[in-house]
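In what follows, structures are represented as C-alpha cells.
In what comes next, subunit A is part of two complexes: it sits with subunit B in the first one and with subunit C in the second one.
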Partner chain A sequence: MIHPGAASRLAPYRALFGARFRMLLQYRAAALGGLATQIAFGLILIMIYDAFYRSSTAAVQPMAFRQVASYVWLGQALLMMLPWNVDSEMRAMMRSGGVAYELSRPVDLYTWWYARAAAQRTAPVVLRAVPMLVFAMVGLPLLGLGEWRLGPPASLAAAIGFAAALVGALAVACAFSVLLYIAWIWTLAADGIVTVASTAVSMLSGLLIPLPLFPDWARTALRWLPFAGILDQPARIYTGHIASGELAAVLARQLGWTAVLIALGRRLLARGLRRVVVQGG
Partner chain B sequence: MTGLGNAIALYGRYAAASVKSQLQYRASAVMTALGTLLITASEFVAVWALFDRFGQIHGWRLPEIALFYGLISITWALCDAIARGFDNFAQIVKSGEFDRILLRPRSTVLQLLGQELTLRRVGRLVQGAAVLGYAFAAGRIDWTPGRAVLLVGSIGCGICVFLGIVMLQAASAFWTVESLEVWNSFTYGGVTMGQYPLAIYRPWFRALFIYVFPIGCVTYFPGVAILGRPDPLGAPPIVGWLAPLAGPVFLAGCLQIWRIGVRHYRSTGS
Partner chain C sequence: MAQIVVEQLVKTYQIAERAPGLWGAVRGLARRRHRTVRALDGVSFAIERGELVGYIGPNGAGKSTTVKALSGILVPDSGRCEVAGRVPWRQRLDHVARIGVVFGQRTQLWWDLPVVESFELLRDIYRVPPARFAQARDQLIALLDLAPLLDVPVRQLSLGQRMRCDLAAALLHAPDILFLDEPTIGLDAVSKLAVRDFIQRLNRDDGVTVILTTHDMDDIEALCTRVMVIAGGKILSDGTLGELRRRVSRERWLTIDLAEAGAVIDDPAAQVIRRDGARVWLAFDPEVVAPAELIRRVTSRCAIRDLFVENPPIETVVARLYAAHRLDPQGAAGGAAQGAAT
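Presenting the complex of A and B:
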C-alpha cells in the first residue's frame, strides 16, 4: 500500500515513463528491420556453437548445447534491455544545451532520468521480443531446425524465477543507463566512455558468448560483476542452468548492484551539476 | 584511360579533404578509433575463449581461424572506411542532396565514395592486422610469392563484395526512402560468418554465401589455399585461386542494379 502522498510524489515520474514508453512503441518499422538482423545473428551464433559442440571431445561441457541455443535467443530478445547505448535524443539534448530544461524542472533529476531509462529499456524490448520469441520457439521447429530453438523454461519454478530475475536485471540495467547519461554532464566527448561501457556490457553480460563457456578461472569473477545480472543470470535460470534455489542469491546480487550504481550515480550527478556548463544555442 | 586517371585523381582530392576535416577533431578521431579497437579486440577474446574451452572446431585450430578472422576484419574495415556515402545514403536521398550529386558531371558512385574516408575504421583494421599477424606467427603457413599475392588479391576482391552489398542496401532507398536494415544481416552478419571457415556451416547457408553473396569466395577458398590444406568441402586447389574473382563480378552486377535505381530515382522534393 503506497501512501497517497508518495503516490502523488511519484506521479511525474510515472507520467514521463508512460509518455516515453508510448512514444517508443511507435518505432515499429525500425523494430522490424532490427528484428531480421537479430534473427540472422542469432542463427549464425548458434551455428558456430553447434559446430563447436559437435567437435568437442570432452565428455561434459559446462552447459548443454540446447541451453546455449536458448541462452542466445534470450540474449537477442532482450538486446534492447542491455545498457549499451545512449539514445540519440538524449545525446542531442546534451549537445544542444536542451539539458537546461531538464535542470529547471521541479523534479529529482536522478529519478527523472531513471524513469526515462526505464522506458528506453522496456518499450523496444516489448516490440522486438514477442516476434523474436515466436520465431525462436515455434518458427525454427517448423523450418526443421528444432535443435536450434528456444526451448520452454526448464520448469515452472524456472519460469517464475526468470520473471523475478528479469525485474532485477531491468533495475541494474536502468541504473547503469543513467550512469551513461551522467557521463554526458561531465564531458561532451562521452562517446568514448559509452564505447568502453558498451564493450564491457556485451562481453561481460553474456551477449557475446555465454558466460559459462569462459575459462573456469574467470567465471567466479564474472558472476560477481553487475553485468552478469543483466542477461546471464536470468537466462541461466530460464534454462535451468542455475537451480531455482539460487534465485535469492541472484536477486540479492542484482539489488545490491542496483543500490551501489544508484548511489554512485546520485553522487556523480550532484558533483557534476556543480560544474556543468550548458551549451548555448 | 584519361577518364580513369582523372577519376582517381578526383577521388584522391575527396579523400584528402575528408582526412583533413576529420583531423580537425583529432582527439575525437583517436578516441573513437581506440574504442573500435577495443570492441573488435573483445570479439577476438570471445573467439579465444571458445577455443580455450573446445580446442578445435571441425578440426580447425585457433591459428587457422585467425587467418580467416584477420582477412575478413581487414576487408570489412577497408570497405567500411570508403563506403560511408552509401552507408548514409537514405539521409542523402531524404535531404535532397542526391539531386545535387546528379547535377554534377561525375558518376554518382565516385561522388558517394568521395563523401568520406572514415578514419575511425582504423581501429578495426589494426585489430584485423594484429590477428592476421598472430595467424602468421602461430600457424605454419608455407609462404610463396603466389600466396602473398593471393592474400592481397582476396582482400581487394572482398572489398568488392562488401561494397556491392552496401550499394544494394543504399539502392533500396531509391524505392523505399529508407535504407533497409535487413541488409545488415549480410554485411555485419557476413563478417561474423566469415570469421569461421565456411565448411562448419550447413549446406544451405554455405550456398547463400558462395552463390548469392559470395563472401565465402573471397575469404574461405583463398584462405584454404593460403593455409595449404585440402578443402573439406572437396573443392580442387585451383578454386582457391579463382574464386576471389567472384568479387568483381558481383560488384559489376550490383552496379547494374544501382544504375536501375538511379533511373528510378525521384526527388523527395525537400
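Presenting the complex of A and C:
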C-alpha cells in the first residue's frame, strides 16, 4: 500500500529534520553563550599562532599566517557541525532505554537518526555562524586587528568549491554523529566513547591545530582519515591552500567516507538492535 | 483465527551483577558475572478482534516485555507471536504502521514542539493522507477535548493533558490495535475517568482491539471484559473478572453496621477481618454458609442498623494471587491458587 515515489518515502525524515531544525533555532541563549566562547577560543588560538609565526626563523611556512587566521575562524564558526558530541536529549533517551520507543515508529531507524543528526549539525551553526562571521570579517579590522581577521575566499572558484566541500563535510559529520548515537546501543556507558571521539575529532579535523602545520609524515595519513574532510579540506579550499582543481578529489574522499561510515553504522545498528535489551520490563 | 496469537513466548535478560563494595567493583572490572532472568517463561494467549483485555501483574512480571514483543520492538528468544498474521519483530515497519502504542511513563510527542506540530509530524511519519488525517485529528480533538492544548509545547502540559494528547497521537493513523502500557499512571481522578471513558468508547464504537496493562484495578473493573494475570513470566490466570475471583478465592465479605459499637459478633462459619467503630467486616465462603443463613444468624444475635454482602476488592484478590505465586510459583501457575484464603 505504501510504495509511491521517493519524495513520499523521504517525507518522515524531511519532516523530522524540519521540526528539529526549527526547534533548535529557538535555543538562542545557548547560541549566545556558544558564540562568546567560540570567539574567545578563536582569539586565543590566533594569538598563539601569531606568536609562533613571529618567532619562527623558517624561510617558508607550510601555510601563510592569514590563511591560518581564516582557517581558525572557519573552524570556530563550524564547530557545531563537527561530530564531537551527542546532545543531552539523545543521551537521556538512550540511557533510559528509549531506543525501544524509537522502534515503535514505522521508520528506518538509521535514516531517522541521520535526519536528526543533520538538524543537530546545521541549526546551531546557522544560528551562530552569521554573528561570528560578521565579527571575524568586519569586527576585527574595525578593532585594528586586521591581521587576525577571516579573509574573503581566495577566489570565486574557491568560494564555490568551499560551498560544495561543506556539503560533503556535513554528510561525513552526520554519518559520524550517527555512529556515536549507535555506540549507546552497545553500551549504556558510551560517554567514554564520545570523549575519545571528541578528542579525535578536534585533533584530527584541524579544529585545534590546522592540519598543514602537522609534520610531513602525519599529514599524508591525516588526509586519508574522515576527519580531514569535515573541516580541514573545506577550510583550505576557502583559503586557497588547496587549489580549486583538487575539489573533485576532496569530494570523492568525503563521499567515500560517507559511504563507509553509513555502511558501518547500518551494520552496527542492525546487530545492536538484535541484541537490544530495553531497560525495565 | 484470532487477531493476536502468542504461543510459548520466552524472553530472557542477562543482568550484570557485581559483589558490593570496592573489592566487588575491582573484581567486576576483570570478570563480569551475569544472571539470567526469565522475563517471559512460556507465555501463551489468543486475543480476538475487538476485545478489551486487561493485562496485570506485579512489577517485573513481564507485562511490558510482552507489550514490547507484541509491538515489534523486542525480539523474544523463542515462541510464536503473530498479530494480524504479522510477526511483529520480523515485519517491524509494516507492523508498527498499523498499531498504536502508548507508554504511560513516556511520551511519543516532541517535548519542545506545540502539540499540533507533533501531530503533523506523526502524519508525515505514518504517511496519513491529508484528508484522512484532518478527519481523524478533528475527531480526536473533539473526543479528548484537546482544542485548548494544541498550541502548547508538550513540556508545559500537565500529566493528564499529556496523556490525552498521547492517546490522540497513537490513533491519528487509525490503527485497529492499541497497546496501552499503564495509561493512567499518575493521573488525577478526573483525568483517569476521561482516559477510561475514551478507551471504552474507542473499543465499543470503533471496534479497536485494546490491550491494557495497569496497576490500577479500577481501570480493569471499569473497562475489561477479560483479564490476564502474569507473574514471574507466566500467565497465572486468564478469563473474566468473575472467573479470576472464583479462581483465587470464593470468599465474600459481609459488612455490618452495628447498633452498638461494642457488640460481639461470633460465628463459626465467618471470620472477622476488620473492625472500624461500629462497622465490622466478615469474610465467609458462600459454599460453607449461604449468605442468607449467615445474615439470619447474625441478625438474631445482635441489633444491626445496616448490612451488605460484597466481593472482596479486586486488589485483594490480585494481591493474594501474587502472594500465592511468590510462595509457590509452580502451584500457583498450575492452578492451585484457591488455597490462598487467609
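Definition applied: the second predicted complex is superposed on the first by the 276 of 281 C-alpha atoms of A that agree within 3 Å, B and C clash if a C-alpha of one lies under 4 Å from a C-alpha of the other, contacts with A are read in each partner's own complex, and residues count from 1 in each chain.
One rule holds for everything that comes next: a residue touches a chain if its C-beta (ideal position, glycine included) is under 8 Å from a C-beta of that chain, and two chains touch if they have at least 3 such contacts.
The shown structure was predicted, so the numbers you read here are calculated from the model rather than taken from an experiment.
Chemist: When the two structures are superposed on subunit A, do subunit B and subunit C clash or fit side by side?
Modeler: Partners fit side by side after overlay.
Chemist: Check whether A:G256 is in contact with subunit B, with subunit C, with both or with neither, and answer first, second, both or neither.
Modeler: It touches nothing on subunit B or subunit C.
Chemist: For the overlay on chain A, what angle lies at subunit A between subunit B and subunit C, C-alpha centres, nearest 10°?
Modeler: Seen from the centre of subunit A, the opening angle is 90 degrees.
Chemist: Is A:G272 touching anything from subunit B or subunit C once the two structures are fitted on A? First, second, both or neither.
Modeler: After superposition on chain A, A:G272 lies in contact with neither partner.
Chemist: Give one of first, second, both or neither to describe whether A:G34 is in contact with subunit B, with subunit C, with both, or with none.
Modeler: A:G34 sits against subunit B, while subunit C stays out of touch.
Chemist: Considering only touches as defined above, state whether A:R105 meets subunit B (first), subunit C (second), both or neither.
Modeler: second
Chemist: Quick one: subunit B or subunit C, who's touching more of subunit A?
Modeler: The larger set of subunit A residues in touch belongs to B.
Chemist: Quick check on the superposed pair: does A:G139 touch subunit B, subunit C, both, or neither? Answer first, second, both or neither.
Modeler: So A:G139 meets neither subunit B nor subunit C here.
Chemist: A:A11 in the overlay: touching subunit B, subunit C, both, or neither? Say first, second, both or neither.
Modeler: second
Chemist: Check the superposed model and tell me the shortest C-alpha distance between subunit B and subunit C, rounded to whole Å.
Modeler: 6
Chemist: Where on subunit A do the contacts from subunit B and from subunit C line up?
Modeler: none
Chemist: What does subunit A use to touch subunit C in their complex?
Modeler: 2, 8, 11-12, 14-16, 19, 23, 26, 89, 96, 98, 100-101, 103-108, 274, 276-278, 280-281
Chemist: Note which residues of subunit A are touching subunit B in the complex, please.
Modeler: Within the complex, subunit A contacts subunit B at residues 29-30, 33-34, 36-37, 39-41, 44-45, 47-48, 51-58, 61-62, 189, 191-192, 195-196, 198-199, 202-203, 208-209, 213-215.
Chemist: Which positions of subunit B touch subunit A when the two form their complex?
Modeler: So the residues of subunit B touching subunit A come out as 27-28, 31-32, 34-36, 38-39, 42-43, 45-46, 49-50, 52-59, 178, 180-182, 184-185, 188-189, 192-193, 196, 200-202, 205.
Chemist: Can you check the complex and tell me which residues of subunit C touch subunit A?
Modeler: 13-14, 39, 60, 62, 64-65, 68, 71-75, 92-94, 96-97, 101, 103, 106, 108, 110-113, 117, 120-121, 124-127
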